[in-house]
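Going by the order they are written in, the chains are A, B and C; count residues from 1 in each one.
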Amino acid sequence: MADPRFFAVAGPFSLKELAEICGAEIGGGADPAMTVADVAPLDRAGPTQVSFLDNKRYIEQFRVSAAGACIVEAKYAKQAPAGMAPLITSNPHRAYALVAQAFYPAPARRSGRHPSAVVDPSARIGEGAEIGPGVVIGAGAEIGADCRIGANAAIGDGVVVGDATEIGANVTLSHCLVGKDCQIHAGVCIGNRGFGFTLDPEGYLDVPQLGRVIIEDGVEVGANSTIDRGSGPDTVIGAGSKIDNLVQIGHNVTLGRSCVLVGQSGIAGSAKLEDHVLMGGQAGVAGHLTIGAGARISGQAGVVRDVPPGLAVAGAPAMPIKEFFRLSAIWRRQVKARGKGDE
Amino acid sequence: MADPRFFAVAGPFSLKELAEICGAEIGGGADPAMTVADVAPLDRAGPTQVSFLDNKRYIEQFRVSAAGACIVEAKYAKQAPAGMAPLITSNPHRAYALVAQAFYPAPARRSGRHPSAVVDPSARIGEGAEIGPGVVIGAGAEIGADCRIGANAAIGDGVVVGDATEIGANVTLSHCLVGKDCQIHAGVCIGNRGFGFTLDPEGYLDVPQLGRVIIEDGVEVGANSTIDRGSGPDTVIGAGSKIDNLVQIGHNVTLGRSCVLVGQSGIAGSAKLEDHVLMGGQAGVAGHLTIGAGARISGQAGVVRDVPPGLAVAGAPAMPIKEFFRLSAIWRRQVKARGKGDE
Amino acid sequence: MADPRFFAVAGPFSLKELAEICGAEIGGGADPAMTVADVAPLDRAGPTQVSFLDNKRYIEQFRVSAAGACIVEAKYAKQAPAGMAPLITSNPHRAYALVAQAFYPAPARRSGRHPSAVVDPSARIGEGAEIGPGVVIGAGAEIGADCRIGANAAIGDGVVVGDATEIGANVTLSHCLVGKDCQIHAGVCIGNRGFGFTLDPEGYLDVPQLGRVIIEDGVEVGANSTIDRGSGPDTVIGAGSKIDNLVQIGHNVTLGRSCVLVGQSGIAGSAKLEDHVLMGGQAGVAGHLTIGAGARISGQAGVVRDVPPGLAVAGAPAMPIKEFFRLSAIWRRQVKARGKGDE
């Protein structure tokens, strides 16, 4: 299904192999030896393809799908049409991710450095790493094994990149240590001078920013996002965190493990997000705040106070989301009442 | 008028030529053979320059302008000062655009590839295309005739760029098909992995993003904007759409024809904008919504429900703009009443 | 203290030298010949390091700090622990900035152009300038003395960069004149076509954008920010202004001296900010407005009317900040009352 100009499909796999890959059980007496050649959405899949049902909204598509196999929860498996082999699991989205990863593994590295790359003699490049055309790597930098550094990326002096990390094209890294298995997408800037200066009547004076950015293992940073280095302390992005495109992270910010920051959200200097915090798109957190573990910040929310662990907040200024829904309802009533008065 | 370091002026043109170029009629008995050498604003134009009046606010400037010619609606033409030749049209802004394009045509391509560019042998480069210094073009990519690819841009494997399209410096393209006559400005990232992963307690797991980005003909994308590829379906930007700087477009989003997205607006995954939708600056549309044709979303609006065709909305959460104006008036009254109570 | 992979420490300095550098007075009978080797925060500093106390919140840390010296206001100096030499000043943050700059001066330029840079023969490069790997400099461009141009930056034809200015990696400059002593961070795009086209039913038609961007002296522009050139007039950034990351500035905008724009703020076309305006993160100013000198715009505010000089505004639509606080209090009361009603 995927455009072969951009994606190379692996496989085929037997139904049995797929069941093992994703931890599912073969239902409905289907033949474990059946051959599956690709993944596809329910409405486009054919008899050699595997699809998935993750959302009750698509149950009608499921009932009439021509997919040869389908990952599905047990409770829906009976509704599978004739000829569809159910792969039964409690978490179809996760199982689908595993199956799709099997069909579309990350492309192998083109090990070695392109002749047009400019690598300082004191830099160390790990085995199997792919250094793309036009890449610049500074003095003392260390690039781990099996990394990929995309075209025209600029890696500053002393920067460390962990094994198997992928750095996109046109990325700029400086003053940072990046962990293993990270994905830093195109255009990202990490390690710039934070926005630190004295704001006094004698004129602004830059305060040297002497910290670093620490990106722990397994972090993803979306295209054109920016993460400033610390002013003295470090800016830290916790392991497994997922950062979307055009996100801004100020100096000295610390993120715990597995935070999720949706596109265009921003975090001002010295704020602390504990583990598993979720920020919606275009949301903002003011400086020096603490956002407790598992807190959820809605899109466009403007957080100006600490948020306790687990709380969901919305609005600007942000308040508990239940209160924001109540406030929105109040607004609707006020507008309606006023509209009547105007007539 | 324009700084010759950056702009080369064409011409001169006779008044008759300009009238033809912009579809205007020469008024006030002006001499069609009169020579016009440049464009200029009303307050700075001299006798060899052509200006335009597009807004009643500038009528006083018009009355005393020294411009040799001026593009103007019929109803204002009589107020032209002595010595000014009116070019009469019903749409002066459009006519001015055409005249200014004649004086300042897009610079010709410097056909050929710069020796520092790294072009995969399997890539196809169209006739007359300009491939700038440091450009990287991947395997199987196709660059159309008369394209310009700016310095240090990175064009990934298999990417297709249509004829006469302009790609700015430091742009990153991957997993995308770009149409003809597009302008992709500096720093743009198109085709990155969408923000797709399973959000479950076992840890995030990336869901392979197997779609593409389709940019139809005549699209403009502003500097440092980001457009993610689809997860399976494609992300599609409809023909003639205008996207400003620092805009974020998530995976599977589809834009109809001639949409306008102002700076820093953002669209979450799988949302659909029909034709001619206008989004103001810093506005956001949540995932999976449908925004009807011709809808207008005000700046900073937060759209969390479908918007019917033609409706104008504002506020967060977004509501019909008339209601938002009413709500703002209610707020003003409440604040005022409270202020009195506090005294 | 700072990671030597990224920062080289100068010094040591005697206490007397430090006092002169930052305009402080040595208190408590400390020995002016005492040697100081580095800066460090109060809680981590040792006997050869200098710290500072800028905020009463840290007075307890100050009282027990092992720092050999500390920059401090006179009123707190008496509370210095035994063995700490006080450096007394009325503005500790500013004094610290000066001392930190002495210990961590900007790295010297690596004068000369990297062989991989592509510099048009007609471009002029000032003495002592550092032109990094992969840099592209167009025809007629002028790079001042002692500039640094970062890796893979693209400097367009005719662009002028003033003395001692620093241009980050992967920056794109076109149609602009940049002053002296500026810092343009990685990924910034300056001088692109503004978002100018006719919005009429016959289809969008680009209006040539014939102005420039003028960046005055001492301006800082944060990573991945974008500044469009004027449509005919210029876009102007006043001297000493500080612009954070991911900020968008539209065509014809003018900023006065020493404005501060925090991350992800945006200014629409033709707006004018007078001197010393402060915009918070994610705030927006609509087109064609005038924001008076010294006005302060809160984070996420949406400014849709002129703001008089010195006024602080907040909210969307923006209102005087006192009114916004009052409105927020009204909302809290309404939500609370409603919550009771619901029980």
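Assume a contact is a pair of C-beta atoms (placed from the backbone, for glycine too) under 8 Å apart; a residue touches a chain by one contact, two chains touch by 3 or more.
Bear in mind that the values here come from a model prediction, so they are computed numbers and not experimental data.
Participant: For the protein chains shown, what form does their contact graph take: line, ring, star, complete or other?
Facilitator: If you draw each chain as a dot and join those that touch, every dot ends up joined to every other.
Participant: Counting residue numbers used by both copies over all numbers at the interface, does the chain A-chain B contact come out same (over half shared) or different (under half)?
Facilitator: On the two sides of the chain B and chain A interface, the residue numbers are mostly different, under half being shared.
Participant: For chain A versus chain B, what separation do you get between their C-alpha means, in angstrom?
Facilitator: 28
Participant: Would you please write down the residue numbers of chain C that are in contact with two or more other chains?
Facilitator: Residues 116, 134, 152, 170, 187, 224, 246, 264, 282, 300, 316 of chain C touch two or more partner chains.
Participant: Quick one: which bits of chain A touch chain C in the complex? Just the residue numbers, please.
Facilitator: 116, 118, 134, 136, 140, 152, 154, 156-158, 160, 170-172, 174-175, 187, 189, 192-193, 195, 197-200, 202-208, 210-212, 224-226, 228, 232-233, 246, 248, 250, 264, 266, 268, 282, 284, 286, 300, 302, 304, 316-317, 319, 323, 326-327, 329-330
Participant: In the complex formed with chain B, which residues of chain A make contact?
Facilitator: Its residues touching chain B are 1-3, 5-7, 39-41, 91, 93-94, 96-98, 100-101, 103-104, 114, 116, 132-134, 150-152, 168-170, 183, 185-187, 220, 222-224, 240, 242, 244-246, 258, 260, 262-264, 281-282, 299-300, 316, 328, 331-332, 334-335, 338-339, 342.
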